[in-house]
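Okay, so chain A shows up in both of these, paired with chain B first and chain C after.
And now, the complex of A and B:
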C-alpha cells in the first residue's frame, strides 16, 4: 500500500519503455516493501538489510534513512547511474511475525533465485494480502497466554482462571476500541483499567490476587517496540530507536494509569 | 460465610416487595418483547436492564453488602454492566433482535432464577436467608436468557462480563460451598459457546484465518476444557473427588 492505494506493478518492459519510469516503479515498490516491514514490527537495520538485498537483486543500490513515522529511500541504478528518491509513511499495522518472516524470506528468494521485478511484486502482493488471524482466536490465545504468565509468576488455579477471564474482557475492549479508531493511548488506559478491575474481583477469595491483578495487564505490554527500540539504538539508529522506546514507554505509562485507576477505586486492597 | 448469608437475609427482608415489583416489571417487559418487539419495548427493556444492574450495584452491594470485604469492587463491576446497557441504549449497537434459534434454551434460563430460591428451600433454609430472583447470579442468568433469545447481534462485551461473574460463582461454590451457584456455572459455559458461535457467524472478518469451522472447533475445545475444569471444581468442593 502506498498512501492507502494498493500497489500494482505493471510488467516493466511491456508498459514502459522508459528506464526512468521502470526505476521509479522499482523505487516505489522498495519503499512499499520497507514501510510494510517497518510497520509490522521489524527493527530498522533488518529493514535496511532486506531492502538493500532486493535492490541488489534488481541491480539497484539502495540507501535507506529510517525515521519513526516515515522512511526515505534513495535508489541508484547500477548500470545507468539514474537515481530516484522517495519518502513513504510507515503504516499503522499490527505487529506480525508472519509478515516479518515472509518478507525477509522474499528478499532472500529475490537474491538467490534472481527473481524478476514482476515476480517479486507478485509474491509480495500475495504475502501481504494473506488472511490475518481471526480476532476471536487472538482473544482466546492471548487469554491462555496471560493465564500461563499468571502460573509462571506463582498464581494458583483460581488466579489463573480470573486472569483468563480478565484478559478476555480487557483484550476484547482493546480490539473493539482500536477497530473504532479510538486513540491508541486511550485504548490502552481503558483496557488496562477494565482488565485489572476484572482481575481485582479475585480479592474476595483466599487466592493469589496480587499476582492475578499484576499479570492481568501483561497482554498489553509493548514487548516488540521495546525490543526494537533497544536494538535500533544498539545498531546506531538512535533517532528511530529513541522514538520507538518513547512510544513504547508511553504505552507502559498508559497501562500504569489504567491499573492505578483500579487500585484507586479498590484502594483497600493491599498489593 | 456467616456475613454472606446475613447480608442476603437483610437484603431480602428489607426489599422483598421491591424485588417482587422488579420481577413483575421484568416479566411484563420480557413477554412484550416476545409479543411485540418494537423499538419502544426494546428501549424499555434496555432501560430496565440498566436499572436492574444499578439496583444490584447500589442497593444490593453498596447498601446491604457493606459488611462484606471488598463489596465496592462488585458494586463497580455491576455499575460497569449497567453502563454497557446504557451505552447500548444510547448508541443502539445491540438491537435485541430475535434469532429464534435458541428459544428453548432461553426459556430454561428464564426459569432458573426461580429455581434458585427453590434450591435454598430444599436445603432446609428459610426466608429471608435464601437466594432470591433479584440477586447478582440470578440477574446474570436472566441476562443470558435474554441475550440467547435475542442473539442476532450479540453484545459480546456484556457476555464476557457475565462469564467473569460465572467464574466468580465457581469460586464461591468451591470456597463457600454454595450449591445454588452450580446452576449459574452449568448455564454459562454452553451459553458462552453459543454466543461466540453466533458472533463469529455474524462477524464481517472475511479475510481472516482459520475458517469459521476451525474457529468453532477451537471454541468448542476451549469451552470443553473450561467445562471440565468447572465440573472438577464442583465435584471436588462437595467431596466427590
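And now, the complex of A and C:
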C-alpha cells in the first residue's frame, strides 16, 4: 500500500536515515488525517485544503488525489526535496460534523501556532477519540424530527404520534443492525420495511394515514451524501461527487424496496 | 394567519433540522445555529412556494441561499465550518419524498407491464419525480455553496483562532 520513492535505484527507506523516516511518519499521519476527514463526510475540497495546510505547517508540499474509496497523497519536503507517496483507504466511519469542525480547527492551529509534529499528532488523537452523541439521544431527536416532518407535509397530531413511534422503531433497528456490522443496504431495507409497517397501523384510525406512511421512512434519506455529492461536483471533484451520489441513490433504492414490501402487505387491508 | 402559518413551518423545520442533524453528530454548540438556519431556510422556501407562486426547485434555491449566507455569519461566531451548519439545516429541505417516489414509480412501472395507460402513467411519474428530486437537491447545493465562492478566503478561515 505504501510506495516510498519506488523508482529510485537505492533502497528508499533505511533505518539509519532519520530524515526520511520523519518524512514517512509525517506523510502517514497526513494520510490518516485526510482519510479520517473524508470518512467523516467532509466534502473533498475541504479535505484537500486542510491537509495541505497542515503539510505547509510542517514544511511539506502536499498533493492529494481524492477518490471515493481511497486517497493518494504525494508529499515533498520543502528543504530537502525528498518525496514520499502513500495511498490510504477511506474508513467506513459514521458521518461526524464534530470531527469536521475540530480537525479543521486543528489545521489552523498547526498553521498559526507552528505546532510541533508530535503536538499535532497528540491533539489529533485526542480529538478523534472524543465521545459521540449517545445513540439514545440521536434516536429520540430523529424521531421528533420525523414527526415534525409529518407536520410539515400536512399530517395531523395523530399521524405525528404514529410517525414518531414508527421512526423510533425503524431508527432503533438501523442502529442495532449497523452496530452488529450487518450490510448497510440490508439494514436500510429492513429499517424502511419496519418503519413503514409500524406507520401503516395508521390505516386503522381516522387520520392522514397516507402522509404518515410516506414520511415514516424519510429519516433514512441520506441527505448528507446527496448534498456533499452535488457540492463536490460543483467544486470540480466530479468523480468523488458522482460516486457519492450513486451511493446515496442506492440507499434511496433500498428505502423504496423496504417500503414497497409494506405496500404489498397492507394493500388489501387498506382497501 | 399568514404569520402563524410561517411560524408553524419554521418551528417544525427547526425541530427537523436538529433531529436530522443529530444523526450526523454535529458539535453541541452548533445545534442552536442549525435550528435558526433550518427555520429561516424552510420558512423562506414556504413563503416563495405559497405566497410568490414559485416551484419547489426555485424556492429551495432561495431557502438554501439564506442558509448559506446565515451559516457564514453564524459560523464566524461559533468558529464552525459553514458546511457543519448548512448541511444539517438543509436536510429538512432535501426532497426525500420525490427521491423514493421515483423508485416506487419504477417498481409500479415494472409491475404494470400489461396495462398500457397505467404503464405510461408510471413512466411519466418516474420522469417528473426524478426531475423534481434532482433539480431541487442540485439547487440546495448551489444555494449553500454560492456564499463559499462569494466570501472565498473569509469562508475558509472560520475555524481560525486569530483574525
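As a working rule, the second predicted complex is superposed on the first by the 250 of 271 C-alpha atoms of A that agree within 3 Å, B and C clash if a C-alpha of one lies under 4 Å from a C-alpha of the other, contacts with A are read in each partner's own complex, and residues count from 1 in each chain.
The rule is simple: a contact is a pair of C-beta atoms (placed from the backbone, for glycine too) under 8 Å apart; a residue touches a chain by one contact, two chains touch by 3 or more.
If you're wondering where the values come from, they're calculated on a predicted model, not measured in any experiment.
**Q** So, on chain A, is it clash or fit between chain B and chain C?
**A** fit
**Q** Between chain B and chain C, point out the one touching more chain A residues.
**A** Answer, by number of touched residues of chain A: C.
**Q** With both complexes superposed on chain A, which partner does A:38 reach: first (chain B), second (chain C), both or neither?
**A** So A:38 meets neither chain B nor chain C here.
**Q** Classify the contacts of A:212 with the two partner chains as first (chain B alone), second (chain C alone), both, or neither.
**A** Neither partner.
**Q** Now for A:49: first (chain B), second (chain C), both, or neither, which partner does it touch?
**A** second
**Q** In the overlaid three-chain picture, which partner chain does A:165 touch, first (chain B) or second (chain C), both, or neither?
**A** A:165 sits against chain B, while chain C stays out of touch.
**Q** When the two structures are overlaid on chain A, which partner does A:235 contact: first (chain B), second (chain C), both, or neither?
**A** second
**Q** Using the touch definition from the top, say if A:137 reaches chain B (first), chain C (second), both or neither.
**A** Once the two structures are laid over each other on A, A:137 reaches both partners.
**Q** Quick check for you: in the superposed arrangement, does A:189 touch first (chain B), second (chain C), both or neither?
**A** Neither partner.
**Q** In the overlaid three-chain picture, find the nearest pair of C-alpha atoms across chain B and chain C and give that distance in Å.
**A** 11
**Q** Where on chain A do chain B and chain C both make contact?
**A** 132-133, 137
**Q** Within their complex, state which residues of chain C touch chain A.
**A** 8-9, 12-13, 15-27, 30, 42, 79-81, 83-84, 87-88, 90-92, 94, 96-97, 99-100, 102-104, 106-107, 137-138, 140-142, 144-145, 156-157, 159-162
**Q** Please give the residue numbers of chain A that touch chain C in the complex, ascending.
**A** So the residues of chain A in touch with chain C come to 41-43, 46, 49, 94-102, 104-105, 107-109, 112, 132-133, 137-138, 141-146, 148-149, 151-153, 214-215, 217-219, 221, 223-224, 226-228, 230-231, 234-235, 249, 252-253, 255-257, 259-260, 263.
**Q** How about chain B: which of its residues touch chain A in the complex?
**A** 68-70, 72-74, 76-77, 80, 156-157, 160-161, 163-164, 167-168, 170-171, 174-175, 196, 199-200, 203, 205, 207-210, 215, 218-219, 222, 229
**Q** What does chain A use to touch chain B in their complex?
**A** Those residues of chain A that touch chain B are 129-137, 140, 158, 161-162, 165-166, 168-169, 172-173, 176, 194, 197-198, 200-201, 203-207, 265-266, 268-269.
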